[in-house]
Amino acid sequence: MAIRANPKLITELEIYGAQDVSKCYHCGNCSATCPFSKEPYILPRRSMRSLQMGLEAKLESDLEPWLCYYCGECSTECPRDAEPGETMMSLRRWLTARYDFTGIARLFYLSAKAEMLAVIIVALIAGAGFLLYGFSQGSITQYGGPNAFLPASSVHIFDWTLAAVLLALLGTNCARMWWFTVGRDTKVHVPLSAYVRKIYLLPMHFFTQMRYAKCEQKRPWVLHLVLMLSYVTMLVLIMFFLESMWSGPAINWSVHAFGLAATAGLLVTTIVFLRKRLKKSEAQYQQSHETDWMFLVLLIVVAATGLLQFTLHRLGLDTAANVNYVIHMMAVVPMLLLEVPFSKWSHMAYRPLAMYFADLKAEEMVSKEREAVGAPQAA
Amino acid sequence: MADDKLQIAIYWGAACGGCDVSILDTDAFILEIDKAADIRLWPIATDGKYKDIEALADGELDVAIMSGAVRNSENERMAHLLRQKSKVFVAYGSCAYMGGIPSLANLVPREEIIKRAYLSNASLEPGNTTVPRPRTSLNGYDLELPEFYPRVYKLDQVVDVDYYVPGCPPQPGQAQIAITALVQALTGQAEAPPKGSVVGAYERALCDDCKRTKAEEKKVKRFYRPWEIMQDPEVCLMEQGILCAGSATRSGCGVRCPDSGIPCRGCYGPAPGVVDQGAKLLSAVASIIDSKVAEDIDEILLTLPDFTSFANRYSVAASPLQRSHRR
Amino acid sequence: MDDLKIGVFVCNCGTNIAKVIDCDAVIDSVERLPYVAVARTYKYMCSDPGQDMIQADIEEYDLDRVVVAACSPRMHEPTFRKALQKAGLNPYFLEMANIREQCSWVHDDPVAATEKAAALTAAAVMRVAHHEALERRSVDMCPNTLIIGGGIAGMSAALDLADAGNRVYLAERSDHLGGNVARADLTAPYLDSARDMLTERVTRVVEHPNIDVLLESQVRKVDGFVGNFQTIIRAKADDGAPSDSVYDVGSIIVCTGYKEFDASRITHYGYGKLPNVVTSFELEKMLRAGRVTTKEGKAPQYVAIIHCVGSRNLEFHAYCSRVCCMTALKYAHEVKSAVPGAYVSDIYIDMHAFGKGMEDFYRRSSEIKTLFLMYEKNDYPVIRKADATDDCDMLIEVNETLSGETIEMPADLVVLMVGMEAREDSEEVAHLVNISRDKDGWFIESHPKLDPVATTTDGVYIAGACQAPKDIPDSVAQARAAAARILARTALGRIDIDAVFAEVDEEKCSGCRMCNELCPYVAIEFDAEKRRSHVISALCKACGACVAACPSGAITARHFTDKQIFSEIEGVLA
Amino acid sequence: MTFEPKIVGFLCNWCSYTGADLAGTSRIHYAPNVRIIRVMCSARIDPTFVLKALHDGADGVLICGCHPGDCHYSEGNYKMMRRYPLLKSLLADYGIEDERVRLEWVSASEGQRFADIVNDMTERVRALGPSPVKAALEADLAER
């Protein structure tokens, strides 16, 4: 059965950043250089081809874009400057939009203004909300104590509610991702046992990003790992140890040590990334989508205000600390609420998932082939 | 028998006798011959025995004129004998010159010929299966017949020949000219023609002497046997589709056949320098066939039955496709 | 003839001959032949040292005949004839034995090959013994040229010849100049206008005092030979009644061009049935008119261009038509500018982008977002009408090899890149000027590499797409090369023609006139007075038909006499 | 050892000889039994050549010219075409087997075709054995 080609798709992808895919004439250099390109996953060439021909259904079920960490080798090697790396990046953006049932992700990717607006609105609501709450039950001059402006206990509750919402949103999208890439694939059926057997892959990829290490230059991997781990550490601290984090002015090294380290990690990496994107030094930093900027800016603001809040509190400048806390929240809330389920942050979930799925599918395909050629099952 | 007279012998091999008659046909010239020469052997006109010739000294004969081809051992024996006894040996007539009509037999195996003549012939008594054999013993007598060779040879395939006189038969006029030339040469009255030359004929093909008009346009859609068509006596026979060997045949006969409405059959042999008369006639015929389509050409050629026997009617023995010697 | 001295020179041709044939063995076998005074081998006989060696030996052994056993005489006979001439020997005292093309290159068994080479060389030795000294004839070279075909090639050649002050008759079948180029809009890769290019040529040709443009004219007859052709051209007079006129020319250039492949022969494409499937030339027409639309008059949203229509497949033409790929890219550009926002797809087998600026043009075409879809030879895409629900008029099913997918490509307008084929009158033209055609009907050049404009008939040249599919620059180059060849000859004023022709020995001719009709060049004349035929040597092209046909062996072919061929037969069979 | 026939090939200069050269430049290998003699046109081939070749010991004779309609001399090959059936009937009457003499049209672009013809003919003639004419000649020599 013939697949319908949609020449228009390529125009749509331009907005997601894929400007040069039509230049590709399939010499295959990109796949030759890519460390991840290995049967049955030929990247980035196959995705490039599907995109050129506008095979939407095929692309939607495509895991390959997620297998790429964007080291940029392919783009450097490309004789036609077709930017395969950026094309994969754009496809990840497009897929993120596809997975998201709300359509918000799509809106953000298609219009930077919309995203900006959303962030501002959410920030204002968050700011207003926390101010009202603070004044309603405490004093702006009190950071800690019974009369605290924003007591950790209550913020904690807010955090958990927010987390729940996030999980719900992200969960749904991940489920959709599974459906598109594995669930509805009639060719390959992955047995439940396999899911269980291979579940370890998820945390492994999530925490180590070992595949990224395969890329030629190791530095990007280190940076990416540090950023990710700092973020996760911070997330854990906030979700489970908010009280101790908030406590003070005495420093509780058992938690604050982690807090400071994580913050440092976040600040350093985000600044490095910002500089790289500004300098366009390497291939993978040359094309920056608005969402990339938004993501970095939010992150750096969060980290900075977080650190500032910590310091002000220690200096006993409670009022300033409280004000800064509100500002901090004005950055945190939109970041979590918008970036995590609807934008760049989501790849924190999608990529490990994709690798997990890819592994499962690959295993299935191989064993299928074995049956086809009548060879004995894996020995 | 005065010594100043030339000593000549005239003999026939596998021949019809027409050649001897052509010499007789020279009328009064015969008497000239008689004046100039002693005829030591001429079976058709005088009495003579093998032993008379055998008795002669080598080269005693001034001229030996032999007509007919070599079909059997007797022909060959006599050819050798006369060659040995004569100074000048002349192959007289088409059979001696090229094998002639008898050599058409070379297109058929000897066995076939015997069968046709002695076994499957309509005029045979029923049950008569007698076949000639070289040797037969009958009531104590040994009978001998000459051996019937597997094929017919022209004279020079058997013995060394000095001169050739073509024609079937040579025209009396030509015979007269030839013989006169020889006599004059032998009596020192004239320069002898170079050995191996054809005497009593011309250097060009028959068309040179043919009165019929020849047009540039020679295109034939079919061929006719002479009786199949009311011919125009003024026009080249080939142009009328009547196969005529004249263009490939040495002139000298006086164009008798074409003048009387009969196509030339080539008895005077090929034009000087031509290897095979048949092959040349073949080219000539092909040149006038009016078609460019293989199938049509075959159609047209159906009207030309048994072409080979026409093309090489007098010259099968002379064909390059034949054995060239017998010793 | 008894004191004849023959030199035999066996060429190794580097290893081309020597690797299969034992050249020394050949020498040994020919040395024993009568008259052979010297026999040598050398690595390259055609090289200067090789030729010097031959000349030196001619001096030293005062040879009077030379045999060169080497490549085909069609390759180097002229070279070695010159060598003999330099050494003061008549060039026709040379005979070549073809032991490369017809021996070392085609046989692998060294023994058999060597034996054959020896036989061929022996034949050459025996033949050359009977060679006669022949003098080439020199005749006046008529400076006029007839050019058949008023396309870009014809006009370009005409201008060069006319500018040099020679008269040119430019015969064109149709009622206008320009040929197929006049049907094009822009040209690849620089997208400059074919029209502008042509207008310049046409105006110059029409206004040129030395060029007679004969429109609606056909060449009816060509007689004569190089330097002295008599041609009859039939022109359609104004009243419609055709009138023949005679033109004397010294050279002829055939520039009859090509005809496009008939797309309806490929049923898969539904040309003639689906209204919006058009040929490249129909698209050119739209582009020239500046409006690219579907039959319904709408601007097409999807335009698909199918390559190799009639070319590069088993069913029709195996050859590549050479210009379609780049023309298709040109369409991608033109369509996108004519219909902004249109999606153009190129459905191709291989992208042949050879030639100046072409690879870059290919790149530019992909930069303007042309979608390239690759299909296998002989695995035709199939076009069908789309359903009412589709946003397009047609759907093209392609087994796309780069993705390995079978896809359906939407299309509102399909352009078929029809290939080039030989014109249906090419056979007629070939017979008219007596040149040969290859199996596809293209005219054959005298040497594919070294002599691509001349033909096997001296004085007749070919240029442009009548010789093989060609683009404009190549056609023009070939045309101007042909013009240059002619100018080089006309400059000399006189021209040498081959000394080889037939002769009638009037002592033997009986005037049977069998030969008269045979000569295709009416070179045989019958003298009614003498009742003899004779050959007009200048008209004779030495085919030898009359020689073989003469029933009384009165005609001889110089350099191909019975004696020479007989001894060659004896030689190969010895 | 197998009998290696000797075949004489008469090729016209413009089509067939060029075709044979093309077989060479294309390195198409074929049997070495054919010895080629070049004539300007198949029309030059006098039937006498064929008789002569057979008389001199050829086991076969191959005649090649341009395809009908493509003759360099426009009509020459038709002249050969007309001689051929007569020649064949003459040869048949002299007991020469049909496959010993063959007329083929080979164009300048048919190198492969030429090679195929040579191979095919060589095999057929090899199967026939030595020519009867040659046998007869050898008999002559034997008798001397």
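Note that the chains take the letters A, B, C and D in the order they are written out, and that residue 1 is the start of every chain.
Here is the rule we use: a residue touches a chain if its C-beta (ideal position, glycine included) is under 8 Å from a C-beta of that chain, and two chains touch if they have at least 3 such contacts.
As the structure is a prediction and not an experimental result, all values here were calculated from the model.
A.B. asks: Going by CA means, which chain is nearest the middle of everything shown?
C.D. replies: C
A.B. asks: Can you check how far apart subunit C and subunit D are, centre to centre, with Cα atoms defining each centre and the answer in Å?
C.D. replies: Whole-Å distance between the two chain centres: 28.
A.B. asks: Calculate how many whole Å lie between the centre of subunit B and the centre of subunit C, each centre taken as the average of the chain's C-alpha atoms.
C.D. replies: Each chain reduced to its C-alpha mean, subunit B and subunit C end up 55 Å apart.
A.B. asks: Distance-wise, how many Å sit between the C-alpha centres of subunit A and subunit C, to the nearest whole number?
C.D. replies: 67
A.B. asks: If you average the CA atoms of subunit A and of subunit D, how many Å lie between those two points?
C.D. replies: Taking the average C-alpha coordinate of subunit A and of subunit D, the gap between them is 83 Å.
A.B. asks: Give the residues of subunit B that touch two or more other chains, as numbers and ranges in rising order.
C.D. replies: In subunit B, the residues touching two or more other chains are 274-275, 280, 283, 286-287.
A.B. asks: Where in subunit C do residues touch two or more other chains at once?
C.D. replies: 518, 548-549, 562
A.B. asks: When you check subunit D against every other chain, which residues touch at least two of them?
C.D. replies: Those would be 46-48, 52, 75, 79, 83.
A.B. asks: According to the definition of touch, which chains form touching pairs?
C.D. replies: Here the touching pairs of chains are A-C, B-C, B-D, C-D.
A.B. asks: Quick one: in the complex, what on subunit C touches subunit A?
C.D. replies: 302, 343, 345, 351, 362-363, 366-373, 397, 400, 402-403, 405-410
A.B. asks: Under the stated contact criterion, what part of subunit B meets subunit D in this complex?
C.D. replies: 107, 274-276, 278-280, 282-283, 285-287, 289, 291-292, 294, 297-298, 301, 304, 307-309, 311-312, 319-327
A.B. asks: Considering the complex alone, what residue numbers of subunit D touch subunit B?
C.D. replies: Where subunit D meets subunit B, its residues are 46-48, 50-52, 54-55, 68, 75, 78-79, 81-83, 85-87, 89-91, 93-94, 96, 133, 136-137, 139-140, 143-144.
A.B. asks: Can you tell me which positions in subunit D touch subunit C when the two form their complex?
C.D. replies: Against subunit C, subunit D makes touches at 4, 6, 8, 13-15, 17-18, 20-21, 23-25, 27-30, 32, 35-41, 43-49, 52-53, 56-58, 66, 69-70, 72-76, 79, 83, 107-110, 115.
A.B. asks: Quick check: in the complex, which residue numbers of subunit B touch subunit C?
C.D. replies: Touch list, subunit B to subunit C: 203-208, 214-219, 236, 238, 246-248, 251, 270-275, 280-281, 283-284, 286-288.
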